[in-house]
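Take a look at the structures below.
Below are two complexes that have chain A in common, paired first with chain B and then with chain C.
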Partner chain A sequence: MEKVISAEKIAYSYNKKLAVDHISFHIDKCEILGFLGPNGAGKTTTLKMLIGLLIPQDGKISILGMDTAKELNKIQAQIGVCFEEKNLYEEMSAVENLKFFASLFGVKKLDVVALLEKVNLPVDKRQKVASFSKGMKQRLMMARSLVNQPKVLFLDEPTDGLDPVSARAVRDVILKEKEKGATIFLTTHDMLEADKLSDRVAFINEGKISVIDTPENLKHEHGKRILKVRYRLDGEVKEEELSLEDKDMSKRIDEINSKHSILDMHTEEATLEDIFIKFTGRKLEG
Partner chain B sequence: MNRVLSIVKKDVTQIFRNRFMAVITFLAIFIYAIVFHVMPSKVEETYSMGFYFEKGREAVEEQISEEEGVEAVWADNEKELKKLVEDEDVQAGLSFTLPEGKPKIVLYTSSQTPEEIREAGDVIAREAAYNLSGYPLNVAFDEVVIGPDLLGKQIPARNKMRILFVVVLLAVEFYALGNLISEEIRKKTADAILVTPVSISEFMTAKVATGIFLTFFEGLLAAFLLNIISINTVVPFIVFLLLGALLVVAFSFVLGTISRSFLGLTAYGTLFMVVFMGPAFTLIFPGGYSFWIKAVPSYYLIIPLDGIVNYGYALSDYLSEIAYLASFDLVMLLLGLYVLRRRLT
Partner chain C sequence: MSISRIFSIIKREISLGPRSPILLFALAVPLILTAVFQLIFGGLWQEKPVLAVYGVGDGIVVSELEKNKAVDIINADSEDEILNLVEVKEADVGVIFPQDIEDILKEGKEVVLKTYIDGEAYAKDRAVIAASIVSALRSIAPEGPEVDFEQTLLGEERGLNILEMMLPFLVLYGVLAGAFLGPAVLLVGAKEKKTITALLVTPSSKAEILTAFGLLGGVLAVIMGIVILLLNGGWTQPLLMILLLILSSMFMVDLGLIAGLAVNDMNALFANMKLFGIFLIAPQLFIFFPKWPQWIAKIFPTYYIMHPILRISIYGEGFAEIGWELLVLLGFIILFFIPIPLLAKRLGK
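And then the complex of A and B:
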């Protein structure tokens, strides 16, 4: 597999406090890496180093085979960034915003209508961004990150605080870009989103990566698969958890079934959040 | 280059989309123009004075009437003279009487009469007294004007004030450009630009270009509306306007970088504005300034502008001021670029 993004022992500190502590990872072509961590874990600092807003104080970053320390402008011509802050020009319309950023990339013929339709945003040439809802602004942010048809996308909390419809629109765009061949670095503290979108996830906490793997592998290797059985005992509803790995599980189900009336039973997998807590001792939301 | 132009175009659009900035900029220019054209275009150089002579009026009447700059109004009695002064028909009144055969001269002025008018009346009274006595002073008197002789062509207050207007306009641009830079940093739109192929140098070049473009053309528009531009003044005015625009850009870089909110921008901006405009007040209140005013960079912009526009001095008369101003511009711009680059990285 072609490594599109490669970070080797990168580090950054603010006022001598290490925000990112010599972490290494890579992202293959057409892969989405979910960078999971609570606020202040080092996600945004890592992102800023990758996109060239911060220079790593140690280590090396390579994107599309180019060193960010040497060929940043060439790299930046081929990446798209969707920030967590809605850093749009609010006095301008969506069309003006997109055209302005396209001009910075040297894109002469931008199909603004198609781009706005892609993110499910109505085209109104006069409406100022200041009057947009949060969801509309986020979709415009997403559209802006695509003006140069980037090979690599950096998305910082792209669905944070969005209503379900807007969040879904943004997720659809991310998956379509992946299908088209984009490599995506996604930071989030939403484990459900990471689970839905990511090929692999990395857990970052206090500037260090605890683990990187596919969500399935993490759940399989580190999660606890259980079967929950609810039955009625002396008029009261009881619930029992049985491990799917337990050899005596079938025997115990037969036993419950023979003595009591089973109401329902279903399997339950560990969530990414459970695994995150297991690795870091912290909750993602915190 | 295209990227720089794109940013300049966006910046200009953004500044004028901000209604507050657009309104105060253009409103200021047009209000200044209106004030300028409403104010008197000439200085009243005639000194109107009332005279009452109990005796000997014939001996001095012709001489006083021929006196340059004095408009004589003759009263038939002292009461009438007092009335002329009281009604402000004249600026002062001189009464020559002979109570008990001894000449007595009284100068009447109203409480509103300025000190210099009183002093002028006093001089005229003494001169008339010597003439009346038949013993004019045996002193040769000659008058030599150092610099341009403004007799009969005094600079009207409105002409002095138009330099102040231009400087205020430049100072307003602090806010516009400072606010633009501050917003780019605060709202992180600068980050969005800097993750495209635009380098920090291109970003800052665009801001310098925007600042000079806006300041220069607004200054030029104001100059046309305030009758500043003429064949003799156009080149020196443009030279100083460009140097002034660069100073504004440099100041606004610092202002925009250090301001973390609009309140901060207003507070720091007012401080900058007061310092920047300080030397302009020396034009309105000449002589009433301290030595430290020469340490303010805008002094070397305002004084030459006044000399060129109001007194007809040439660019070559202000070579040292150009050198000072260009040096200040360079130092301030380097400082501004340094603080902005630090903030962006």
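And then the complex of A and C:
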């Protein structure tokens, strides 16, 4: 597999406090890596180093086979970045925003209509971005990151705070770009989104990567599959969790069934959040 | 560095026009001050300087002088009439040309001109008249004759009037509004709105972005300077003045970029301007009070903007006289450029 992004022992500190502590990872072509961590874990600092806003104080980053320290401009011509902050030109229309950024990338012919339709935004040449809803702005940010048909996409919390319709539109675009061959670095603290979109996820906490693997492997190897049984006892509803790996599980179910009236029972898989807490001891929203 | 990207950024800023009320206010201030001073002290529609001439009849020298629309000519019949015209202030300057001036010019000899100057004539008017005479003689003898003015002052010499004294300040203010505030406000605005990070992840380099902001402010400053000089009647020696305005704008762009890179919000920018602004306009005090030790004024970099303005516009001096001051200004431009790449490293962090 071709490694499109490769970070080797990169580190960055603010005021002598390590924000990113010598982490290493790579992302293969057409892969989505979900970079998960709570606020202040080092996600944004890592992203800033990858896109060239920060120079790693230690280590090396290579994107599309080029060193970010030496060929940043060439790299930036082939990447798209969607920031968490809505840093659009609000006094311009969506069309003007896209055309301006296309000009910076040297894109002569930009199909603005197709791009706006791709993210479900209306093509209104007069409406200023300032009057857009949060969801519309986020979708425009997504469209802006695609003006140069990037080979690598960096998405920082792309669906954070969006309504379900806007979030779905953004997720659909991400998956379509992946299908077209883009490699995607996705930072998020939304575990469900990471689970739905990512081929692999990396957990970062206090500047260090705790684990990196596919969501399935993580759930399989580190999660606990359980069976939840609800039954009535002396008129009250009781709930009991049984491990599916427990050899005595069937025996316990028979026991409950013989003594009480079972209302329902269902299996439950471990979530990425459970595994994150297991690895880091922290919740994501923290 | 990509010229097309620089112009894309400039085009975006121009197409939307200056939107910052602070910048618009700053650009308007020197124009408003000009109008106020002109209304109070007169001068905006001031009449042309008057030159009384004797000795050349209706010959080629007078016809060349009349071609220059900068002065009004009175043709006197005698030296006494010249003296009288200047004494009664109907003419600012009277000049007696030698009868054989055309021959002297043809032979390429030195021309000695006897002149009478009204002591109350504006320095600027005297400069315009002197430049017009030299220009007229050079148009007859293109190889450039030596001209020696034998001057006689009539009446008491007066100093600069308030409009003349204010001219360097007004021009400096206009240049400052465009070249300092322009890039500083654009940079700080882009930082506040985070659009700078969006620009920095495109192939546009920091140098391109700063060049675009600086170029925009610099061009605006040169235009402001020209407009203020025209409105105040100080627009003389266009090439030299444009060179001075370009250098002045470059110096202010340096300061504007330093300020824009060093601070992160508008409040901090204006707090710093209030703090350091006095150092920029300090040389003006030494124009108002010429008896103060002038060497102190020379410590301030803006002296090398304000003083040449005075010397070109009011005293009609040329490159030979002010060249060294421009050289010092160039030194300050280089000196103040040094911290810019260092500060730019912080951009986008």
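Heads up, the rule we're going with is that the second predicted complex is superposed on the first by the 286 of 286 C-alpha atoms of A that agree within 3 Å, B and C clash if a C-alpha of one lies under 4 Å from a C-alpha of the other, contacts with A are read in each partner's own complex, and residues count from 1 in each chain.
Everything below uses one rule, namely that a residue touches a chain if its C-beta (ideal position, glycine included) is under 8 Å from a C-beta of that chain, and two chains touch if they have at least 3 such contacts.
Just so you know, these numbers come straight off a predicted model, no measurement behind them.
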Return fit or clash for chain B versus chain C, each positioned on chain A through the superposition.
clash
Looking at A:76 after the superposition, I want to know if it touches chain B, chain C, both of them or none. Which is it: first, second, both, neither?
both
Should A:100 be classified as contacting the first partner (chain B), the second (chain C), both, or neither?
both
Mind working out whether A:53 is in touch with chain B, chain C, both or neither, as first, second, both or neither?
both
Between chain B (first) and chain C (second), which, if any, makes contact with A:279: first, second, both or neither?
neither
Set intersection of chain A contacts, chain C complex versus chain B complex
51-53, 73-74, 76-77, 79, 81, 83, 85, 87-92, 100-101, 103-106, 144
Write out the stretch or stretches of chain A touching chain B in their complex.
51-53, 55, 73-74, 76-77, 79, 81, 83, 85, 87-92, 96, 100-101, 103-106, 144, 148
For the chain B and chain A complex, residues of the former touching the latter
2-3, 6-7, 10, 13-14, 17-18, 187-189, 191-199, 345
Would you tell me which residues of chain A are touching chain C in their complex?
48, 51-54, 73-74, 76-77, 79, 81, 83, 85, 87-92, 100-101, 103-106, 144
Help me check something: in the complex, which residues belonging to chain C touch chain A?
2, 4-5, 8-9, 12, 16, 19, 193-195, 197-205, 348-349
